[in-house]
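Two complexes come next, and they have one chain in common, chain A, joined by chain B in the first and chain C in the second.
And now, the complex of A and B:
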């Protein structure tokens, strides 16, 4: 079997200790929560941190708090969120996304913070060391070229998180803690433009919690495209939030994911929707406009042209589901 | 039970009478004899094995698709602390391979590598981490050669051939044979259809990755325990390459965590750990990674096919010309047999009066293809069953009626000289048509919904062994204990299909004992009689006969003594419920252990052997060895789908499947095999494909269980299974195969259902959403290959059919150049 490379392992008990350890260990350290993303990557020699700082015993980063707003501890397991009845009722789009991640076994281990920080994915990259050696590696790890788009100066590995587009659509914020203090950023600001520098989170920061504002009358849905009903990462996904005023759109957010290195907020489609009823013509046009932002390439399952087409279909279906 | 000229002894007649009165065990569903061990984790799979002082092996594999090896520098690896031995191909120059005509593999590549993943250097170290570090320090200098990745290019022979044997250049095997007059048949037809279709390659995906552990015994013998479906063939290969007499090599097949044909070849890693064990005098183990299992492969050949068939107005066929081009990958494996199999079984389901088959297998720089569940027959079956659907539409017939009208008769001989025995396809079709409500659904469901029908047949064991010999295909020894226990020895290998259970049930039925009184010793070349292995759906029929014969002989000895003791005629003795008694006076009897003691006192130790050799086939022409079988199973299935008109996604809603198994030995296991075949077939129909990146040196695109898409429980629809049981005269208790046949109808049934749902033809497997959409947008409402290359057939062997007065021979078989296998 594939074995992990050697590493040192810390198991702190508080977020403050995590921040102190991160500051002390420097950039060669990484945080591990459930390990469902990191450990396989380490076995394939994508990342070989000298030190791992585990969140396993950091209980203060767990839990779900609900009043008008909702606060999620970043270290909460996906399973706990999936089985949280009130959360399912209050934020069905988030619940849909969470329960669609991987398999029950991995949701037992994986955390919501881990899903937000999920390494970008590409089938030129998510391969073992020997395989990547055969293609002369790629720019995301040990190589220089993006084989998905060989003339590209950036890495096209795909943001494949299910929860991220939903958090962006819901207007969530992420709180990051380092030894220097704490900062809170809008969900979208967490993500960079490139498959390598895909997080703006600094290496010395730990994601502590997620705040989701009171949704009022707005409703949301999440639709995920993948080959199978379990296991698979999205190859195209859409999160849609609509607040209606009567039968007309007062406010909306449309977010695509898994169609490029960064989640895509569909500003043009959102502007178009403002003040309109969700008629057949309107949702079709909004979906067409939204689909323009999708730039799927040949580095996931399914053909990229098919994903490009289907993301429009799924966006339209998402909006149809939000009709009064 | 079986045809035999010898008159039956009274003891044997007693057994026949007993079986005629009803089975105690056969057809029921006792729990698998290995079930408790499996569910409690006590089964020792190969990767569970560990020994003191054991070393771990890793193999450095080629990272280039095709190259000459110029030099190998292992000095840095050897210098690494913890590395005990480093092995290169030079130490094992003798080639091997599963087929005698394709001895083209080396345990480690000698002078050329032929695909990304070909093994080059092996390391034995104190742990896996060290072995992994070591292989990264090995430097191999390659001179790259121009690779070829598809057979339509390979057949043009513009690259340096992968091997220096075969029919020409990169053409490994070229076959052409004609039975009857096919051109005349087309001239006599009312409708002639020509279709070009493609079946993409896919792999077995067993849950268990291959693992092996080898060590030298104190007496110098070599022992290997391995996840293999064919310990006997591995035994031969090990003995050959390691130059050790077979008597000094012991192969034990561990229970396999699934095989499906992927563990049927002798593998390089098995020979490598054995060699390393001999070199180091320590046990050496290897456990392949999932990626390496993809490189072992031997899975379904990608096959491009052209099929031309003449039909009369009533749907019956006048003749068929079938052409197939197989993408073989880097080595021979079972490929010659696979090539023949793409042309063998078209004739056993429906009457094909005249038949021509042309087949070519090419070498390409990819992992070698071989036998996967259905071996070489699912591809042509897909083409045939889809074309029948098209013919039905063109002729205005119901596809079920068309098939029912053209069934091959039971007991008949096909155009290509296959002897059909029992034939239950008609009842299979009727069953699924009725259960699915076919008549109310086909052509009548709303847009997006559809049903499709397809059928199939499969062999119950190949009529000939892999290497030519006149010995039995399976042997069983039964030894009776004074305590009433029954020890059964057989070389068969349980790969999850339940062959251990079948073995125990057959013996239990004959001797009338509990399964708990039977203990099995299996799959061990030192202690068990040869069984050729768990491939070609042969085990139940062949091992079943051997077990029956051994048990019957043991029973005969016991019955003879008991008859004397009880003073009743032996023909009246019955063996049931752990007793032997007079059927006319059941009180007059004795417990089975006592019966054994009485017999042992009279005859000495009771250990009897049985064996089985399949009947001869009527076909005598060159190539007639592939296709014959003691019996053919038949299956029919109706698949109902829901196609998303906007995305092309095909959801399978329900499946009705009927299988003619002759007679269930264990009914629940039979149903399990049917459902397992249906599941695997659905994966092939909808999503599974071995894809390679020709832009990046031919690497396998997705060698992982995550990205090689195989269905999950979410994709598995409800399956209604019907068993058609009409005992076959050639099967033990009438049993036929079930392991492979029920997979075959799935792919064409899905494609036919998609046509019924959205009116388009996807003449290609897998039927993926993008292909459905493309077909919907195409002018001809079809997606599929457009052309078929010239196979450059220069000579066609002509064989007269039975109807033409033929005798199964070819008048003057064209003398092919004798194939010589040279090491390369």
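And now, the complex of A and C:
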């Protein structure tokens, strides 16, 4: 069995205690919730925090509140969200994404905050320590070169979260708490430009909750491409939200994920859709424009060229599903 | 692993263990642990490690006391000190499901749960589900329907199937069995028999 590296373990009971501990422990400390992403990574020495601050007993960060808007505690398990009937009815795109994350075993453990903060993934990174040593490591961990794009100055590890593109499409905000106070940011602002600094969340901050505004008449869908239906990370994903005025698009958001280090908001396609009906022609052109924003590289399962093509297909299907 | 030699010595483990043993009465272990490790107020954050500390688990309905470092996984604790070898170490990173156990009645990967985080929760292993003399209906159905070949993945499948039976009862469908077992891999490819066994167990028929 692989042993975890040694660490000191804190089990606070409130978000304020988490923030105090983070401030006191410094950047060598990490937060852990379900542990399903972090522990396997620690076993393979991707991360070796000196201190872990567990959210296991921080009950105030659990729960789902629904009025017009929806608030999710970041520490709520994926299973609780999957089995939340009213949430499924209200936000089917989010439900589709959540129930597609990994396996039922993992969803019994993992949290929605954990899926938002999911470490970026790459064929050259998600390997054991000996494998990575044999290629002299990569820039994301212990090395200097990005083996996906050796002349690149940034890391191309892929944001593989299922929930993140949906949160961005739904206009969600994330609230981060530190010992200095709290700040609320649009979901997109949580994500950095490269696979190493993939979160803008500071190391002394904890993600406490997610707010999703009232969707009004807007409808959303999430479409995920993966090799195995049973469980897999996405190799391409599309979240689409459309508000119609009659049969015409009043407002839309199209977000791609798993095609690069950062989720992609398809501004060009969104501008094109405004005021148009979701005809075959419009949907096809919007999908083509959306696909231009996807620049997948060969560092996940499936060929990058195929992933680039399939993004267009899935965007088209997503928009077709949102027709009146 | 190779880096074990690089592990820093436990900072306070020796003292804690000595005190724990000196305390004698097993019932006091929890209290000793808390008073040693509590930071600040009684209700404040609890801190442990990197050295070992006492943890009280409830496994298959029985209280079990172990002395573990925070980095020890539930799978390690179950298999080594507790000698419950039903849960198997295979991928050891939350992919294959051979280590599936229930925590508070829901299946999880024991390889990716810290033992310290299982404290205060009900742990059920395949040994706790039934015995050879009095097997759980799912265990009996696995025998009846030949739902295994090499058998290494079987304890995990049994735990996932028993959860599906518990959750859905007599109305259990093949699709629900497949969904419940999505996190269990069988390299022998016994899936059709597993599904048959789970459905038979759900119907209460052997």
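We adopt the following convention: the second predicted complex is superposed on the first by the 324 of 324 C-alpha atoms of A that agree within 3 Å, B and C clash if a C-alpha of one lies under 4 Å from a C-alpha of the other, contacts with A are read in each partner's own complex, and residues count from 1 in each chain.
By definition in this document, contacts are C-beta pairs under 8 Å (C-beta built on N, C-alpha and C of every residue); 3 or more make two chains touch, one makes a residue touch a chain.
No experiment lies behind these values; they were computed from the predicted model shown.
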| said: One more residue to check, A:106. First (chain B), second (chain C), both or neither? | reply: second
| task | Applying the touch criterion given at the start, work out whether A:232 contacts chain B, chain C, both or neither, answering first, second, both or neither. | result | first
| message | Which partner chains sit in contact with A:35 here, chain B, chain C, both or neither? Use first/second/both/neither. | response | second
| task | Would you check which partner chain A:7 touches, where first means chain B only, second means chain C only, and both and neither mean what they say? | result | second
| field | Contacts of A:305 with chain B and chain C, given as first, second, both or neither | value | first
| remark: chain A positions within both the chain B interface and the chain C interface are 1-3, 6, 230-231
| Which residues, counting only chain A, touch chain B once they are in their complex? | 1-3, 6, 123-124, 126-131, 133-135, 147, 225, 227-232, 301-303, 305-306, 309-310, 313
| Of all residues in chain C, those that touch chain A in their complex | 1, 3-4, 7-8, 39, 43-50, 69-73, 75-76, 89, 92-94, 97, 100, 103, 106-109, 111-114, 116-117, 160, 178-180, 182-184
| message | Going by the contact rule set out above, which residues of chain A touch chain C in the complex? | response | 1-13, 17, 21, 35-36, 39-40, 43-45, 52, 54, 56, 79, 102-106, 108-109, 230-231
| request: Give every residue of chain B touching chain A within the complex, in rising order. | output: 61, 63-64, 116, 128-129, 132, 136, 209, 287, 289, 291, 646-648, 687, 693, 695-697, 699-704, 706-707, 709, 711-715, 768-770, 773
